[in-house]
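This is the structure, below, for whatever I ask next.
Going in written order, the chains are labelled A, B, C, D and E, and every chain counts its residues from 1.
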Amino acid sequence: MQHELRLSLADRMRIMRQTRFGAFVPVLLALAAIWGYFGLAAPLLEYWSDPDADSLRLIFLSPRNIYNLFMQSAVIATLAVGITIVLLLGDIDLSAAATAGVCAALLGVLVLAGVPGWLACLMVMAVGVVMGAAQGLLIAYVGIPSFVVTLAGLLGYQGLMQKILPTGNLNVDDPFIRAIARILIPDMLGLAMAVGLVVLVMLAALRRQAQRRQRGLELDSSLALWGQVGFFAVITFAAVLTLNSYRSVPLMIVLLVAITALLGWITTSTPFGRSIFAVGGNTESARRVGMKVNRIRVAAFGIVGLMAAIGGIFGASRYGSVSYTAFAGGSLLLESIGAAVIGGTSLFGGRGSVWNAILGALVIGSLGNGLDLSGASSADKLMFSGAILLLAVAIDAVSRPADASSR
Amino acid sequence: MTTDNLTAGSRTPPPHLRVTGIHKRFGGLHALRGVDFEVARGEVMALVGDNGAGKSTLMKVLAGAYLADEGEFWLDGEQVLVGGPTDAADLGIQIVYQDLALCENLDVAANLSLGAEPVKPGWGFLPRFLRPIDEMEMEVKAQKAIDRLEVRTLKSVRALVGGLSGGQRQAIAIARAVGAESSVVMLDEPTAALGVAQTRQVLNVVRRLRDTNHAVVYISHNMRDIFEVADRICILRHGANVGTWRTAETTPDEIVVAMTRGLDEGQTHAA
Amino acid sequence: EGMVAFLLPENVNPRWEQQDAAAFVAKMKEIAPDTKVEVFNAGNDTSVQQRQAEQALTQGADVLVVIPIDGESSAIIADTAAEEGVPTIAYDRMINSENTKFWVQADMYATGAAQAQHVVDNTAKGDTLVMLKGSPTDPNAAVIAEGQMSVLEPLFASGERVLGYENWTQGWDPAIARRSMDQALTQLNNNVQGVVSSNDGNAGAAIAAMEEQGMAGKVPVSGLDCTVQAQQLMLLGKQTQCGWRPLHEMAAAAAEVAVRLMNDQDYSDLATRTVTNGVGAEVNFVPVDSYSAVGPEGVAYVIEHDPSITKDMVCQGEAASTDFCK
Amino acid sequence: MQHELRLSLADRMRIMRQTRFGAFVPVLLALAAIWGYFGLAAPLLEYWSDPDADSLRLIFLSPRNIYNLFMQSAVIATLAVGITIVLLLGDIDLSAAATAGVCAALLGVLVLAGVPGWLACLMVMAVGVVMGAAQGLLIAYVGIPSFVVTLAGLLGYQGLMQKILPTGNLNVDDPFIRAIARILIPDMLGLAMAVGLVVLVMLAALRRQAQRRQRGLELDSSLALWGQVGFFAVITFAAVLTLNSYRSVPLMIVLLVAITALLGWITTSTPFGRSIFAVGGNTESARRVGMKVNRIRVAAFGIVGLMAAIGGIFGASRYGSVSYTAFAGGSLLLESIGAAVIGGTSLFGGRGSVWNAILGALVIGSLGNGLDLSGASSADKLMFSGAILLLAVAIDAVSRPADASSR
Amino acid sequence: MTTDNLTAGSRTPPPHLRVTGIHKRFGGLHALRGVDFEVARGEVMALVGDNGAGKSTLMKVLAGAYLADEGEFWLDGEQVLVGGPTDAADLGIQIVYQDLALCENLDVAANLSLGAEPVKPGWGFLPRFLRPIDEMEMEVKAQKAIDRLEVRTLKSVRALVGGLSGGQRQAIAIARAVGAESSVVMLDEPTAALGVAQTRQVLNVVRRLRDTNHAVVYISHNMRDIFEVADRICILRHGANVGTWRTAETTPDEIVVAMTRGLDEGQTHAA
């Protein structure tokens, strides 16, 4: 202790982490580590160790694979965004994947019965909200812990999905639904949207800064301000250009980003969102200042239900089918909660962000994607994914200056 | 319990908020045993009592944070129901809790507006809870409130409450309660963690509230402060009333004795 | 040059990794030594299998050989591959897509019938049977069950045999089968004279449950695949039958077709028959034989005919002390 | 509010709940509800609705089925007891089931290679401790959230199990190992043990009361005291007599109870156990009074690892084989965490008990057991289990006098 | 900062615990900027300062709860390392934290013995942390400690701390710190939530500690209490020393002025 150690660096890290952007750092580091490994380290290693290899093949970072990765992670991300909302409250939802399954199955059955695709989508979104909110009611008003209610929900909805799909699976070839995953935004339109977005964000930042100055409020350091805008611009353009250079930006990704932006705005910038953080931070305080804690909880579970339904629609569209194992019975549940938590959202409530859930989903998605590009056996793949995940998240933990406990 | 006694006497202004026969049990513990309490507009009523006497419990009942097991509420002579914090807030009751009730994961400005965030104009088509928060308005308000309490070490209203000192937190809790629209303000040991200058400011705030015709309830263990601001002093002991005194007609010593030993004949005293 | 991807459905049944994939890789090495073979295992998750197919295509696979988890959700794999001009072979389980080029499998209806017949032959009039069926999402499981019922239905109807208990086994999970068997025994108060189990995993679970009741070895139990574990149980007399298919022949057929497809060669000489799949597409089909192995003789037959299984592998543990191994 | 409502009853409930015994109430209520449903309500319904039924068959409550139920729940219970320890800390362990799988697989391979059964058991128990503690080290010293570490552990250990068991399953016929599930305690010995235990508990209670009186300490109300002893006696004798009337008490159940008793004693009556509760209640306070929070965390994860290994041994013994799905790949993970949470242990730490985990495991076990006795389809079964679980836990929540929020 | 000044002068007893040049930063906030502090055995050193001055942070550094970014520790003239709470406890440093640091899920007796539970004799073959806790011994100790502080409303030492009143909790935190073996006892605003009688008891305890040759650090905003018990008064302002005064040679007004405005010439003052 009594030394001048790790001062400037640690401090700079700390200050950086306190900006909005700072919350992205850990999961971005993890993602960078994983992409670095699969994109560069692994191919280089293979190239060096295998004398037969004629050329270095950087498949992982190829636009085509990035496109695949985005599409493969989309369902997880959709669910993770929803789950983040209840995690912020300090609750958990084990039933989101099963809800998605029920909604997808219902969607399949509806379009098979001749209901137009768009109507079927709206209907299952309503069903998703009801399924989520029903659990929220039990949690909020009856007072059963969310873990237990949603565990029961998981069982019940798994059964419901099997009931709707007695054979466990169903092809979905409704053109409207398939279009969600298939339609591509024309290259130029995609770019124009990106430019528009970046300009908008820039203007908003400038206007904000001007207003703050005018009202005599503390100003953000211009480094932080422009750093954030620049970061946003880089990410946006990199994503659009990469996707364009394979095919184009898929509609599904645009939808996912738009929905997340909306939820991100609601959680950080509205009284409702503020109340979610307040309840997660200190339920009793929130109650005492007159927040309707129960209603907020029900609404949050309604939102997870909605996001699960959207995840179900996305899944049905992408898989071209609905199957029990892809939703209710598989690994989607743990992966989507894992994505939210890897994104940095606390299981104890009050801390996290929906954007991070998307990054967390990319972390999880990259593991499977990257390992499936390697020729390892399934046992090795599992072991690797554990190890890589651990290393990736440890990088942040180790780089963080150790101090008073945190969990 | 002589309810009539409490309101009798021409010297007493008519009570604004009055409760009678409040009982509150926690499991086997009988924390309030039929307490009567009242406070009038334009007066500061001090509530004193030993540790564990039931002061905070009574305040929480008044603020709707606890539901009483028995008891009745009157506001300006009319019986009212208080079923939760929102009901109390609607009746114009604001409170500084002894445990502050802040959200450590939110910043100072957010805590100060908690539950009453200002929203930007022009989004009337949305329900209020989905309109954009006016962050700048919030910060301006917060800065003003903090300045008024002279907490000069608090550099930014955007600091998370989790990292604040005990006094800084208390100042925020006070600023939140006195900043809101209200007719009754209750402060549960508001100066316990405050410095000398800040304490003086809080006492000024209390006086200002009285002068603007608020009903103020002030809980403290500090006799000097109480005798400086209070008009009447209500003593609780073991969850029951000992009595109420006019400050002008008693002395700190008398109060301390009544607080710790009760009245000899076991009769309540009313002012 | 070139690459073929072999996509397995799960790791519950040992046959996929141990026998099918091993035989396929070996055969490919023999007939197309330059071709890279990548083996994937989806762990019973259809979205994982789709991802694995995509990753195989990204790596430049020229042919996909797929054992789907179910017949429907695998359609998109064949369709996506076809969009890229890559043909898909359905292995063991059918893929219900127009783009399925080829299917190899034994007659599972007959296999199911043989299982049931074995149990019927070893029980008497009025005996009570338990049916442990396969995964409800596996198209084979339904066919096997139909085959079983073709034998059993009339007997149940006439009362010659009694259906005491039946249950499906999600994902062919033996843990689920175990609980089914426990409950069957409890409900029937051990009044069970035969177990028609759809595969070896279920058979093993049923035997473990019956061991606890001291019934193992006294009741005929059918199975499928003739895994090493099942053959050991057969030597010990606890399992009495297993349906066997020449998995190496299935793998070889798939490998040969894959190589032809990769080189755009005609393969009609290899696939002599066609079947119609769930979406009405005509799929070239190679049926392989099947054999109903019963008792130690059955084990001997399998060891002789299955190149992936040796006597040493079977004669381990408790089984080592049986007559067969001495 | 301002009324004399629900006074005496609510108060009596509250007071009862404050005794040690009180913590059992919710999960006992849930268990009673489920047993009542399967044992009485369901058969009666069937009897009345089916004119052909010749007699009322109360299979669920038959000694034989209770015996099955105990054995079926034993592995879940073993894991749940371990998981409770980390939940008390406010951590979670997603890898316990996979750890059990690795240990079971290793056990199978070891005995096959000729290692004597008892030695193999000791070896895998050591391995389990190492596997758990390794995760604990990462959580405590590197500071990665337990959810993420154990998610990575889950993946890694799943892979490891596949590595050890390339065929996915393995027969275990070592007589020592099979004996654990097979050996039965002779009826008379079982009864004698029960009597001994009850007398011991009674004497301990008397002695304690006498000592407290002597030292002038507050006394437990004799109603509470004798209530607890009586309750213990009833449970013990009921269990032993029921098991005896089918076969006898199985060794495995005795072992499970003994281990749980040991852990129960450690968590409630030693400085180490106290520190677990302190860390779970307020980590920072625990750290400030000088508790070695990191070491405690590592030890707790070591204990889960040990319990997982024991669960693996129990499983191998009972199933007579080791299979991937029975452990790592199946539903054991959620069921064992669910058992702990249904038992009333808080996911937020600081509240719970290992005994309750056993009751929670019985709740979970009863669902599958009871539904498999019915002829329902698997979809119906899943839906029923969700509904029954919910109803069972709701009974307690509804009967509890509503007050200040709790989650 | 003139470290030499602080220790100079023959009137000052030799310091038992002394720290120099303590710096502590929280992110961008520089909470302690090279603070020097000392306390001798047999004296009560008051630490005062405005809200957010850094008093609690300094105490936490002394108690090992925070690691200083820079600075040195001396105990009886020998340099020591304090790397955590255990190190401080081993050096005989005990503290009552301003935020109390109690475990709400444990009962009063458990909190009082937290981290130092008495174990039953005769289990020597087990490591200490696995021996059975002597619950009765714990309760007896707790009862005595509580009685000494005259918290008469606390009925049972088996009540969970989560349900206690503010003053009852504070009493428990104090009882825990003064009950342990120690040479330095630091109390961070120990009487903030206490009633009149309990405050008097705490001041008695502080005097008793001084008389038994402990070094006592006492933080408070209450000038009366400070002038009643303190031998010297150390003032912090904005995370830096203003100076140290002997109580006998100063007045509350002087202290309050120095606390809020600092010294005019910016020079530290040493007593």
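Assume a residue touches a chain if its C-beta (ideal position, glycine included) is under 8 Å from a C-beta of that chain, and two chains touch if they have at least 3 such contacts.
Quick caveat: nothing in here was measured; it's all calculated off a predicted structure.
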Query - Relative to subunit E, chain with the most remote C-alpha centre - result: C
Query raised in the report: Centre-to-centre on C-alpha atoms, which chain is most distant from subunit B?
Result: C
Report summary line: Taking each chain's mean CA coordinate, subunit C and subunit D are separated, in whole Å, by 37
Query raised in the report: So, what's the distance in Å between the C-alpha centres of subunit E and subunit C?
Result: 73
Query raised in the report: Could you state the distance in Å from the CA-based centre of subunit D to that of subunit E?
Result: 44
Query - Intercentroid distance (Cα basis), subunit E paired with subunit A, Å - result: 47
**Report entry** Of all residues in subunit C, the ones touching two or more other chains
**Finding:** 11, 17, 43-44, 136, 170-171
Report task. Can you tell me which residues of subunit D touch two or more of the remaining chains? Result -> 162, 166, 284, 287, 378, 404
Report summary line: Residues in subunit E with touches to at least two other chains are numbered 65
Query raised in the report: Which subunit D residues qualify as touching subunit E in the complex?
Result: 211-212, 215-218, 265-266, 269-272, 274-275, 277-278, 280-282, 284-292, 350-351
Query raised in the report: Which residues, counting only subunit D, touch subunit A once they are in their complex?
Result: 90-92, 94, 138, 142-149, 151-160, 162-163, 166, 283-284, 287, 293, 334, 337-338, 341-342, 346-348, 367, 377-387, 389-390, 393-394, 397-398, 400, 402, 404-407
Requested in this report: Name, in rising order, each residue of subunit B that touches subunit E in their complex.
Outcome: 26, 29, 49-53, 56-57, 98-99, 151-155, 159, 163-168, 171, 189, 192-199, 221-224, 238, 256, 259-260
Report task. Using the touch rule from the top, collect the residues of subunit D that touch subunit C in their complex. Result -> 59, 62, 64-65, 68, 71-72, 112, 162, 166-171, 173, 181-182, 318-321, 323-326, 329-330, 368-369, 372-373, 378
Query raised in the report: In the complex formed with subunit A, which residues of subunit C make contact?
Result: 8, 11, 17, 36, 38-41, 43-48, 50-52, 54-56, 58-59, 69-73, 75-76, 79, 96, 136-137, 170-171, 279
